[in-house]
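Take a look at these structures.
Presented sequentially are two complexes of chain A, the first with chain B as partner and the second with chain C.
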Partner chain A sequence: MSTIVIEGLCKIYGPIKALDGLDLHVEQGVVFGFLGPNGAGKTTTLRILAGLARPTTGQAWIEGLPVGPESHARRLVGYLPEEPSFYPWMRAREFLADLVGGLCGMSRREAMARADEMIVLVGLEKDADRRIGGFSRGMRQRLGLAQALMNRPPVLLLDEPVSGLDPVGRRNILNLIDELRGEATVFMSTHILSDVERICDAVGILNHGRLIALDKKENLLRRYAVPVVEVNFDAAPEMVAHWAESLRELPYVVNVQLDESAVRVTLDGSIQSSVDMQRLVLGADLLVLSYQHERPQLEDVFLQLVE
Partner chain B sequence: MQTLLRKELREQWRTYRFLVVVAMLIVSGLIGPLSVKYLPLILAQMPGVPEGLMEVMPEPDVAMAVDEYVQNLSQLGVILAILIPMAAVVGEKTSGTAALILSKPVSRAVFLGAKLIAHGLIFFAGILLAGLGGYYYLGILFEWLTPVGFLALNGLLAIYLMMFLAITLFASTISRSQFAAAGISFGLLIFLSLLGAVPSLSPYLPTALMAWGRALVLRLDVEPAWGALGVTFAIIVSAFLGGLLVFRHQEI
Partner chain C sequence: MNKTWIIVRKDWAEVFKNRFVLFTVAFLPLILTALPLIILYATRSTSDLEGFSSADMPAGFAALCNEMSGGECVQYFIVSQFMLLFMLIPMAIPVTIASYSIVGEKTTRTLEPVLATPVTTFELLAGKALAAAIPAVVVTWLGFAVFAVGTRVLSLSPNVTARLLDPLWLMAIFIVGPLLAVAAVSVTVMVSSRANDPRVAEQLSMLVIMPLLAAFFGQITGLFFINQTLILWMAVGLVVVDSGLLALATHIFQRETILTRWK
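And now, the complex of A and B:
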């Protein structure tokens, strides 16, 4: 069953088409990575799902409820904007327990307990009673995630959830999102492809407001990412160049890049091509320092699709 | 509503707006009777006062003191009612806090309503405390006035200021900056003043509430300004509903 359904979503800002007929279904309990270059329409989609913006045409549903500014779908959603803003005069614990808990309809006792739980979860124990005005960007981001999780929402909408975090904070938040798998449907936009590769089950790639790829991560890698062989020789660059040139004529070689005595060969993806390449390298009469058959990366898929 | 109202009131307190509004209204309420009573004495003590000025100055009385009280509170109150809430909505929209709040299951009517009620409460509190101080000084310096009449005057004053709060919140909802919001409110203030120059309209304008309140305090025989009261309430309700109508269609 699809938790998030988007049908024919268009959003026009003056002359700019931020979304151009977006259709998307996100299954329950998955961590969905929403990728796209700057201005692709990721934040607009998230804002529409969070009920902060209206589509020009089209509609979206969360667990069957239509989204919108006064929609009940907001009860099911935890939203983290790209740069969450808070009241600087408030304290973190107060913000979570009194404000967010109250807005989510939690009892005072429940909100206090949940706020304490969230503070520990995002690692803000020492700063829970400090004014938010003095928080760093990373601390705000963690508090933002805590407020999104306060009411145990079945759907989490996260706009660049790890931007502004240090490596430790990033790892912690990604682990946290990873642990939500199965419990909540996580819809996250990000620019950091390695993060998507690490935690996302399914990936959607958006470009110019249109969805250009949507599949499980493994399927995307299988379909779009091409294997690359990188060989380092201990030989004169001219000899290496001569050998590399001979590869260009082979039907299964897509691209050859030369850097001094290192050659990077992009293959067509067939298993036979990888086997043949291995044989060709060994038969080159050149001393091989290293041979690496690179695993296809999501970044390759992304670049191939958006460029 | 309770959660957002509590947040708004707490914000007024923590950002010292509550103290500023209440303190300024209290001072303004006290200065009226004091200045009327002691200005002639101060002038008499000052060197270089033109000869004969003291003779032409009217003898201070309770009516003059009440006039001064109303004038001070209404003028300063209007300025505060424009400056204090001018960023209430537009500030939250531009900073991004409105997005965080409105992504929660809360209606936009509650978001705006909490702001209007919270601002109204601090102005009511300010007028109440200013009224208590003003009443005491009017009593000891001039004569003890009828408490019901004085209460009615302050109630009308509070409703008058509430109208400017509602207008400024409306302006803050439709504007892109807090200064534009203040500009719209000041513009409406000037427009209402200009309308007051039309004799057939003036009994129905909010400023007529001040004359009515004055008459109630001084037990003067004046027609009640029910029309002006109705118009003032209509402006408050229209400003709120108009703001809500716009806000509901805005993207945050």
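And now, the complex of A and C:
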């Protein structure tokens, strides 16, 4: 069952078409990575899903409810903006318990307990009673995530959730998102591909307001990512160049790059091509210093599709 | 807790940290309460008004004096000019509070996390409107209470006291005052939804006090005089105007516009 359904979503800001007929289904309980270059329309999509913006045309649903500023779907959603801003004079605990908890309809006691729970979860225990005005970007990001989780939402919309975090903070937040798998549907936009590769089950790639790829991460890697073999020889560059030239005629070789005595060969992705390449390298009659068969990366898929 | 009340409390905590807002909320009522009391003090004995008679009053006003003596009528006339200014308080204070509350949130982008909670636009708008209107109405009533006590002490006679605190002015302060506050808040919400600078929003919204200033000068120059019928019509007219302004303000106050036109 799809928790998030988007059909024909268009959003036009003056002369700019931020979204151009976006269609997307996100299954329940998955961690969905929403990728795209700057200005692709990721934030606009998230704002529409959060009920903070209206589409020009098209419609989106969360758990079957149409989204919108006055829709009940907003009760099902926790939203973390890209750059969360808070009242600088408030303290973190006060913000979560008094403001967010209250606006989520919780009783005072329930809001206090939930706020304490969230503060521990995002690692802000030491700073819970400090003014938010003195928080670093990473701390504000963690507070924003705590806010998004306050209402125990079945759908979490996260706009660049780990941007601005230090490596430890990033790991903690990614672990936290990972733990939410199955409990909540997480829809996160990011440009950090290694994070998507690490925690996302499914990936959508957006470019110029259009979805150009949508699949499970493994399928996407299998379909688009191309294996690369990198070989370093201990031989004269001319001899290496001569051997590299001979590769260009092979049907399963997509590209050959030469850098002195190092050769980088892009293959067509079949297993047989990798096996054949291994044999060719050993039969080149040149001393091999290193041989590396690079694992396909999501970054390769992303760059291939976007460029 | 009621979501609207949560917004009200948050707004109060925020705007009253702003010294300019605090100064406006405190200073204007102090001045406008002190002015009529100073006039009362300056005319507190009949010798101060020696030589004045009802004939010195504009004809329309003299008719309102009935059985009052010349001196009493003059004191009532002078003081009642300034009483109209009491109604400036419920108009000016909400303009300042709402401008800083709405535009201030737009410029700091602090509204986005709040809008992402399940609060409705109506609850949010009602919270912001009440946060601006309640202090204004309370301060107006407090100012009038101080004036009422001062009137008892400083007026020439119980006749003047009775006329200055008659149902005309009670209706003006306790019914027309809150209605004026609602009009001021609605206009400020509309202006603030479009403006990106609290000072610009405040200056534009202050135009809402122009009709009241026109009434003040109209009365001073003797064009017309505030009486019970006029106050009653003002109240009825304001109910109609407020309904329209509130509907328009709710329509114009769009979450998306506020989030995307913040700079």
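Miscellaneous remarks
Criterion: the second predicted complex is superposed on the first by the 307 of 307 C-alpha atoms of A that agree within 3 Å, B and C clash if a C-alpha of one lies under 4 Å from a C-alpha of the other, contacts with A are read in each partner's own complex, and residues count from 1 in each chain.
Simple rule for what comes next: a contact is a pair of C-beta atoms (placed from the backbone, for glycine too) under 8 Å apart; a residue touches a chain by one contact, two chains touch by 3 or more.
What you are looking at is a predicted structure, and each value in this text was computed from that prediction instead of being measured.
With both complexes brought onto chain A, simultaneous placement of chain B and chain C is prevented by a clash.
Using the contact criterion defined above for the overlaid structures, shared-chain residue A:P84 touches chain B and also reaches chain C.
Contacts of A:R75 after superposition on the shared chain: both chain B and chain C are touched. In the superposition on chain A, A:R108 makes contact with chain C only, not with chain B. Contacts of A:V281 after superposition on the shared chain: neither chain B nor chain C is touched.
When the two complexes are laid over each other on chain A, chain A has residues 47, 50-54, 69-70, 74-75, 77, 79, 81, 83-87, 89, 98-100, 102-105, 144, 147 in contact with both chain B and chain C.
Against chain B, the residues of chain A that register as touching in their complex are 47, 50-54, 69-70, 72, 74-75, 77, 79, 81, 83-87, 89-90, 98-100, 102-105, 144, 147. Those residues of chain C that touch chain A in the complex are listed here as 1, 3, 6-7, 10, 13-14, 17, 108-110, 112-121, 254-256, 259-260. Chain B makes touch with chain A in their complex at residues 2-4, 6-7, 10-11, 14-15, 95-97, 99-108, 248, 251-252. Residues 13, 47, 50-54, 69-70, 74-75, 77-79, 81, 83-89, 98-100, 102-105, 108, 144, 147-148, 151 of chain A are the ones touching chain C in the complex.
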